[in-house]
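Next come two complexes built around subunit A: one with subunit B, the other with subunit C.
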Partner chain A sequence: MKAYAAVFRMRLRMELQYRGAMIGGILCQMFFGLILVALYRALYAGGAQPVPIEDVATYVWLQQAFFRMMLASDADLLDKIRSGDISYDLCRPIHMYGFYYARIAAQKLTGSLMRAVPMLIMAFLLPRGWGISRPSSLSALLACIPALMLGLLCVCALENITVAFTMKTLDPRGMQGLLNLLMVTLSGNLFPLTLFPENWQKAITLFPYAQLLDAPIRIYTGGYLMSGVLRVYALQAFWVCVLAAAGVFMWNANRKRMIVQGG
Partner chain B sequence: MAYIEVDGLTKDFIVKEKRQKGKLLREKKTVHALRGVSFAVGRGELVGYIGPNGAGKSTTVKILSGILVPDGGEVLVGGLVPWKERREHVKHIGVVFGQRSQLWWDVPIVDSYSLLKDIYRIPEGDYEARLKELTQALDLEPLLRTPLRLLSLGQRMRAELCGSLLHRPELLFLDEPTIGLDAVSKLSLREFLKWENKEYGTTVMLTTHDMEDIEALCSRVMVLGHGQKLFDGRLPDLLARFDTVRNVRVKYAAALPDLHLPDDVGWSRTEDGFELSYRLSALPTAKLLSLLEEAGEISELTLQPENTDRLIAAMYKELDL
Partner chain C sequence: MNTLKLYFKSIGMLLRSHLQYPESFIMQTLAQLVMEGGELMVVILIVDRFQSLKGWSGGNLYFFFGMMSVSFYLTELFGRGITGDFPMMVRTGRLDTFLVRPRGVLTQVLCAGTDPRRITCIAVGTAALIMGSTLSGISWNLLKVIALAESIVMSCLLILGLFMIEAVFSIFSVKSVELVNAITYGGRSACQYPVDVYPLPLRALFTVIAPFALTLHVPASWILDRPLYGWPSWTAFVTPLSGAAVFAVMAAVFRLAMRHYRSTGS
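Presenting the complex of A and B:
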């Protein structure tokens, strides 16, 4: 366990070094947040929608704040696979899936927290209907935190599947492009899932992508009631287990037939 | 039983070729990287593993270190099958791939070492002692707090070697460890390897293209070509089989005389003398010397055996590698 904790700490420290990237990321996400909110306000000006505009703005800001958790790959890690430097990791007395899982988790956690905290503060300062609203209740805020953690575990398991694919294809871009497309549409990053037709939502919220941020956001805004919160956690945990099992299976299958690149 | 036992090792790679015009599918070609390699290495041996590019050296090292699963044959390292009992096996081995890096690019090297300590579960006290010993031997102490990206290639190689030895491996694989190093770094690296081998009885398997590495370090050398083992024995014995050429430089005191030499002696004129090379089988050395003396008064004469690199090149050529 110590080895996994150590690589987690190491990757975390590395992420903290990239302060320039953090500032750039915040500016970019602030820009997108404002554009998206302006867009939805225009939509709402045309006619009333089933979800209040304050909730949509909150949804957009939370998605933008945690953007780094969703759509960011560990470039170093993928490079290692391409170049064959992964050889060294393969000669360690550790389980590769767990080792890379810890690495990915550190990157996603630090990367998103570093950006989320300043962004959320700024989003709170924006006028009502433009910025983020307060949580529906204190208990909703507290209940949102475990859901975020489960979402993080889920997205790390997803990312590790991309990494396992990369072991086969060597170039991450194809698979990444495809999976990222699913990610932005089905996670609510591009378009809040709350604005999808009611029937669609029933299906989409069961998908793994909805477990990442959509579920915690709905707890925050009160879309998911406190009475049903355990059911939300259970669904998230279910996907964490399924995705992790799939990832471990892929890693083990890869090991048997893998060819490490380079002489 | 020997420490490393390899028997009939085979490994094929399937390479997809570029699609031919008019064909729907790409053709597949099988490359036989290893075709039945067998050898045994005893504990504490320092073995050189040489062969031209693409001979299967790295493939062997990857199989022995548990990264790659072979297609056939048996391997036991210290009683374990590397790819089946990988996690147990890799605890006891250290690997240095000369062209790759195991240390983290952006952080001080001591932090990478600390991560390795946790990965190999090295007890704190043992880690401190070993790190001190290695940093002194490899002259790394002033660099410990420096991020890897700021180190020169020679410094980096020493740092990598230190990282691979922290957990006191019984077996060390070195894949071209001196590639790109300057003379001083090469010499100190070799000194260190000798010391490590003597002090702890570490078994070392070294692949390299630098024949001086082999001459300086290895009591035994294996030659691999086309996926097969072609030679296994002492380096002098290997060289003796191909060591048939001598080079002579001769300078004359007075003006350069005309040389009358047999046709199969190659020679060229230099500023103040001649350079000759000849086959021992074609012309005994004593005969050549007397011919040179007859031509005029010799002021300086040096006789050199063929350089090792050329010998190896000749050997690869003769074996059609």
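Presenting the complex of A and C:
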């Protein structure tokens, strides 16, 4: 366990180095957020909806702020898979899955926190209805943090499943593209899940993708009541276990049939 | 004319090279189809929940979406050299080899890349166009067809021009500049909806700096018989020319920037 923690810490420090790329990324994401909020405001001008516009704006900003958590992949690992260097990792005295899980978790955590904090501060400064609104209560804010952490664990497990597919096909683009699309659609990044047709929502909120950001956001805005919070955590933890187990299984299966290309 | 022949010859060659790996190609093309299908689904969900957007009906929204999607992905299909590969060419020094050949650099960059996977995106866009046209009950005539064709061609030139901003930046900074994506991809996301739904600053941005409103929305809304801001008919044919203007300006800037190009030496 200590080894995984060390990998995690090292990767954390490395990720903190890229501050220049961060500023560009933040401004870009802010611009996308503004466009989306403007669009939803225009749509709301046509007629009121069960979900108030302030909640939709909050949803958009939180999604944009934590965008990096969803779509960030370990470029080194994908290169290693292609070149065959991954065979060196077999020499390490720790399990490969855990090693790369710790790396991707550190990458996603720093990448998203570094962007989210300045973005959320800016989004708070925007006028009401444009920016992010305050959490429905202090306890909602506190309850949202463990949910976010569980969401992070969930997205890392999903990422490692995508990598397992890449180990099979060697070319990351096809399968990764499909899985990433599922992610941005079903996690509410492309279109807030709260605005999907109501009977779809009942099913979609049970999917693993909804556990990443949708669940924490709903706790934040008060869409999930405090009394139901434990149920939400349980569902998230359930998916973390299932996805991690599936990932370990796939990685082990791939390890058996790994062909080292020589060189 | 010679240049055009050269262009199509190289694109043909690149196409054949892409098709050498059919499985990977089909997989990626399918991924593109699902991706653009997802974007269209968002518009469908929006129409399902909100019915209309500031007076634009669902059919109109599909039509706008289709026009944007067709123009954007036609540009990516034929102009991949500029829209995707250019920063890499600068970084790896591949651009240097273009300097010694007896053709313009821009021509060669355009000849060097194509992205046939986008064909499925264009198909989705076309489907949206047809859907939008039927639902909005457009009565097509020759003038409207000309306006549609002109609008798409000019929008392609505009998008190419906007991507050239990024190219010019990367000549100086070597790294690709993520921020410029805001205006290209951001412009696509924003302007697949009619521009008059946005507040004034965004409207100004997409009319003056990145004039998607002029190349796309003015002719499209005229075709839908709902002229944008009530402008007269002739504007539907004149304003799209701003796309060509942006391209011409950026081509000149690109030429200037190339004079300051210093190879990375790798």
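The working rule: the second predicted complex is superposed on the first by the 261 of 263 C-alpha atoms of A that agree within 3 Å, B and C clash if a C-alpha of one lies under 4 Å from a C-alpha of the other, contacts with A are read in each partner's own complex, and residues count from 1 in each chain.
Rule of thumb we're sticking to: a residue touches a chain if its C-beta (ideal position, glycine included) is under 8 Å from a C-beta of that chain, and two chains touch if they have at least 3 such contacts.
Just so it is clear, the model here is predicted, and its values are computed rather than measured.
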Which superposed partner A:Leu230 touches (first subunit B, second subunit C, both, neither): neither
Considering only the touch criterion stated at the top, classify A:Arg92 as touching first (subunit B), second (subunit C), both, or neither. first
Just subunit B (first), just subunit C (second), both, or neither: which does A:Val117 touch? neither
Tell me the contact category for A:Gly84 with respect to subunit B and subunit C: first, second, both or neither. first
Counting only contacts in the complex, subunit C reaches subunit A at residues 24, 27-28, 30-32, 34-35, 38-39, 41-42, 45-46, 48-54, 177-179, 181-182, 186, 189-190, 193, 197-199, 202
Given the complex, residues on subunit B that touch subunit A span 13, 53-54, 58, 62, 65-69, 87-88, 90-91, 93, 95, 97, 99-102, 104-107, 111-112, 114-115, 118-121
Which bits of subunit A are touching subunit C when the two form their complex? 21, 24-25, 27-28, 31-32, 34-36, 38-39, 42-43, 45-47, 49, 169, 171, 173-175, 177-178, 181, 184-185, 190-191, 195-197
With touch defined as at the start, can you tell me which subunit A residues reach subunit B in the complex? 2-3, 5-7, 10, 13-14, 17, 76, 83-85, 87-88, 90-95, 255-260, 262-263
